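Note that the chains are named A, B, C, D, E and F in the order they appear, and that numbering of residues resets to 1 at the start of each chain.
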Amino acid sequence: MAVVVQNIARADQAIIDRLAAAGVATVHEAQGRKGMLSSYMRPIYAGAQIAGSAVTISAPPGDNWMLHVAIEQLKPGDILLLAPTSPCDNGYFGDLLATSAMARGCRGLVIDAGVRDIRDLTAMGFPVWSKAISAQGTVKETLGSVNVPVICAGAQIEAGDIIVADDDGVCVVRRNEAGDVLAAAEKRLAAEEAKRKRLAAGDLGLDIYDMRPRLAEKGLKYV
Amino acid sequence: MAVVVQNIARADQAIIDRLAAAGVATVHEAQGRKGMLSSYMRPIYAGAQIAGSAVTISAPPGDNWMLHVAIEQLKPGDILLLAPTSPCDNGYFGDLLATSAMARGCRGLVIDAGVRDIRDLTAMGFPVWSKAISAQGTVKETLGSVNVPVICAGAQIEAGDIIVADDDGVCVVRRNEAGDVLAAAEKRLAAEEAKRKRLAAGDLGLDIYDMRPRLAEKGLKYV
Amino acid sequence: MAVVVQNIARADQAIIDRLAAAGVATVHEAQGRKGMLSSYMRPIYAGAQIAGSAVTISAPPGDNWMLHVAIEQLKPGDILLLAPTSPCDNGYFGDLLATSAMARGCRGLVIDAGVRDIRDLTAMGFPVWSKAISAQGTVKETLGSVNVPVICAGAQIEAGDIIVADDDGVCVVRRNEAGDVLAAAEKRLAAEEAKRKRLAAGDLGLDIYDMRPRLAEKGLKYV
Amino acid sequence: MAVVVQNIARADQAIIDRLAAAGVATVHEAQGRKGMLSSYMRPIYAGAQIAGSAVTISAPPGDNWMLHVAIEQLKPGDILLLAPTSPCDNGYFGDLLATSAMARGCRGLVIDAGVRDIRDLTAMGFPVWSKAISAQGTVKETLGSVNVPVICAGAQIEAGDIIVADDDGVCVVRRNEAGDVLAAAEKRLAAEEAKRKRLAAGDLGLDIYDMRPRLAEKGLKYV
Amino acid sequence: MAVVVQNIARADQAIIDRLAAAGVATVHEAQGRKGMLSSYMRPIYAGAQIAGSAVTISAPPGDNWMLHVAIEQLKPGDILLLAPTSPCDNGYFGDLLATSAMARGCRGLVIDAGVRDIRDLTAMGFPVWSKAISAQGTVKETLGSVNVPVICAGAQIEAGDIIVADDDGVCVVRRNEAGDVLAAAEKRLAAEEAKRKRLAAGDLGLDIYDMRPRLAEKGLKYV
Amino acid sequence: MAVVVQNIARADQAIIDRLAAAGVATVHEAQGRKGMLSSYMRPIYAGAQIAGSAVTISAPPGDNWMLHVAIEQLKPGDILLLAPTSPCDNGYFGDLLATSAMARGCRGLVIDAGVRDIRDLTAMGFPVWSKAISAQGTVKETLGSVNVPVICAGAQIEAGDIIVADDDGVCVVRRNEAGDVLAAAEKRLAAEEAKRKRLAAGDLGLDIYDMRPRLAEKGLKYV
């Protein structure tokens, strides 16, 4: 029952990097408004914007043993993603684990639990999106699994899925949809540019998107 | 039932600007400790301090259509304020809507729901106070109303009421009380200056406010 | 029932200062993973790292009178710590009280309730860890006690216990354990240095801590 | 600032009683899906279904003094409704106050705070809808107001508005809309009877409400 | 994107009924402590204990249109399961929909949102497990999907998976694991009978499960 | 560090039984409005009213091993009280442990975590006050302690302290204050009887407690 899946498939790194550049909100819209993790997942510092292949961890509450196991499975460009098997706010991860993960090319951590050593992680430039910040320590007694499907903050994530994270939160893209989502995202970005110019010039969304007739039809009254 | 009230009354802009300078805590105290929105309303970045006339929006959960309608009603110096008709943390508002609102002179957004494009909004200097940060998208299917009275984060707000917002949260001042509240706020600020000097010099509030007799009368014991 | 305990015992200031330098996560681990306040206690700004002797306050909900009483009991290096007798998010404390506390050498405030004047407190460099940020004002009608044992955010704290606080949260160290905890903390910091170097060089925690045999014994399968 | 408004207007008692019979969900729909208090307001026991004119109370956190003042203002058929000026879960109300309120014909209590003596209140048949159940006691130190407009659990309520409460929660009906709302509610109940029979016989809402064409037009695919 | 999957596979009804008899806690343990929905999912009345094949619904916040669509897909013995695409506590479901669902043999509803008409549902004996009880009404404007995989209260559920629900909450069993889980559950129940007798007679778990040596080895001290 | 304290002192059983009869609200008031556990601690069924000596358990999140250890320490009339070392809603306790505890005379369980087998526990008449109801299982891997001081739901509790619990929640009475608290509680109950009669007859608290002069002095206005 406690397994470590090695040799997971990953998406093309160039696609992943362009998804990072597109950002969470655009990627989320581009794939049909799906894939968002819960809004309680917040970055420990502002301004990070990353994407990477998920190395997933299913761990018991208050037990961070599997993080050590997972770090061995990291490839450059990956993101660690930990989902506890029941709600927990303990600090599973700190600067030593971050040092180890960075040494293997890890881009960040997404954890539906707590994290600590915030000042060090910030100084190191190792971004984390978490449910909590807590120094409360954990044990190493009970096994979990690595690179199995998990539910993390309300989203299902499989190993090798792409995690996109920025100040807006965290979004997951299915590995086999990455190319299509990227295409839609970049198309969306291009289209937004023209709209942004018109809006900045004072044109209204009501007119740009031709909303007035449908609003009237639905019965909106101006008084 | 779905209406847009046009031509709302607004307070004098000079009064509004001085309320902004006084800040939330002072204004709240000056009007008798009323008008605070719930403490879960937090700014998306630190340091903004604004006031403006409320353009109010009542919108269904997960539907941001009325924001487009409301933006047309904005005058320079206004603040958008959105209250969903039931609890929702979706990202109703992002950088395109902010671009449009700024083009019309809007000073910020107060929303009892979610907001997205945090990095862009921060770069643009468009402040938002919200219940959540979330990239989760919304639809445009169901009407709401603009410039009707709403309950937002536990406070009742009418179109044209003055919203004051800073790092301490959000406070509402009734339009027809703006002048009196400002006078009381500025008087309070002046009085605080003298107290601050005495406190900085080491005098105690116990003595400055003559609290010792009443504490003794209530039965406080020093041991 | 409402008492102010004067002349409390304090730990050696040099020990306290070194506990501050060790930081919350290390101190918490060094004393056997105990003493953390709840993870909802967050700093009002990033980067502060302090320790000090607790001047404790038990206060009614929505009543900040006892803060004035407590400030008189402060000695340089102390930390104010307020626990309401039932849950409350009001803003008990702002820039005037901070001015007074700083004038007496207070290093910061820990409060299981709300705080206000965030911008001023940040500018003054007076750190606060709180449950909420709120400008909602309080009254001065009901007595509480100063320097009695309190439960604050899930931890029991006695006057003179040492409070350590940084970006990871707040931890309490018993006054009579301060020396032992410091010794263990500094030993831990020294040991971490060597580990950090090995981890940065790419060694795995699995090997440094010799985890592989026990993982296998527990039944972990690699597939 | 602290006032007791005497001699409030009330709706016709016969209308109020028929609103009680219609129940919360029906009344809420009949008035256009407005008026619901937050879903955290729950009854202390199942099965009560009441309506009455609101005697409103604005009270400080942790201070139940105004309940005594409000009870004097009760007329037979009234409902006490208390909103604290900031969030509080203290037990403001118990069996003695209920005895007093019942003696004056009060039908129940709605309180955005705590209540206690649950076993006694249940035995007495005095229904309460509250945010919390708590025995934590309160003080009598700070004034509030009676029969002023309040925001209670997210809804604005004026003295004399009609409160309808049952196992589904609490709904407010504006006093001057009571007759119209009742007419719409009773019409709705009558219409539901026919639908209930068809649904019980196996007819589908899809057909009864003719939903299939619009679903197809919106793009729903059956696979 | 909005689809209704018809003709889903279902497990053997006899197995499902025996899973119901085993109950949530036993089934959850029998399948290796997996499958529990979040503990905030509570029954609207005590004592119901059911199992059935899931007819899943993915619906927008505040929009219950898809419930009408889903009811057509019900077969006798099924359970409706609704997951909103973002957090919502609206009352999606009441006595009319329950009448319709019961007419098609539906055994109950699991909904990560709100439900209303509690008194009627209780009288009808139609059990519901929900996140909230709320009369707040919903619209019928935006499509969702039926019988697609959903994340409901933190668990992933596919159409045709078996839902087991009782006073302990809600658990999901994969359709293709139903037989194995049942066998393990019934074995567990049988084993518990013997243990229960010994425990009732005063034997200790410490002895029955031979825990003393391992507790001593781990270092437990009796003082 | 992991210890089991045997042979704890207990209060007189007759006093404990009379505290149970007095109930939570009265006991809480009688000891000066202290000792309440947080209001999120709720009984699994209505109507139980108990008191007993606390056998305390400090346990890791998601690990119920120490319950087996604690049961051996029970004497007739005791109450088990478990505080996890960090927040957890797992189901630590079910019908088998209850069978064992009842066999040793245990009167109930207070647990700042989850409990399961609600239907069985209800049928057995074994009352539990908990933070959650959850079937989520736990492990037996990490030691905790028995009969050490704990913080449970915001209250500090030592082994042998008296726990009083009923529909209003849970209150702790210090062992060495039990007699005094009982005397004050019974005096209070007697005094309430006379007040209840007057209130039932229509006399007002305003008059019985002579509140009118102080209300006027504070400035209450009748309009």
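The definition used in the following text is that a residue touches a chain if its C-beta (ideal position, glycine included) is under 8 Å from a C-beta of that chain, and two chains touch if they have at least 3 such contacts.
Given the structure is predicted, the values throughout are model-derived calculations rather than measurements.
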Chain hops separating chain D from chain B, counting only touching neighbours: 1
Third chains touching both chain E and chain A: B, F
Rotation angle (°) superposing Cα atoms of chain B on chain C, nearest 5: 120
Copy pair chain D, chain F: interface residue numbering same or different (half cut): different
Mean-CA-position distance for chain E and chain D (Å): 31
Chain B and chain E: spacing of chain centres that average the CA atoms, whole Å: 42
Shared-contact residues (touching 2 or more other chains) in chain B: 33, 85, 87, 89, 134, 136
Topology of the chain contact graph, where touching chains are joined (line, ring, star, complete, other): other
Every chain pair in contact, whichever chains are involved: A-B, A-C, A-E, A-F, B-C, B-D, B-E, C-D, C-F, D-E, D-F, E-F
In the complex, chain A residues that touch chain C: 1-6, 45, 65, 68-69, 71-72, 89, 91, 94-97, 99-100, 102-104, 114, 116-119, 122, 132-137, 140, 143
Parts of chain C lying in touch with chain F, wherever the complex brings them together: 1, 32-34, 36, 38, 85-87, 149, 151, 154-156
Touch list for chain D against partner chain E, complex: 23-25, 28-29, 33, 36, 39, 42, 46-47, 49, 166-169, 171, 192, 195-196, 199-206, 209, 211, 215, 218-223
Contacting residues of chain C [partner chain D, same complex]: 60-63, 85-90, 134, 136, 139, 141-142
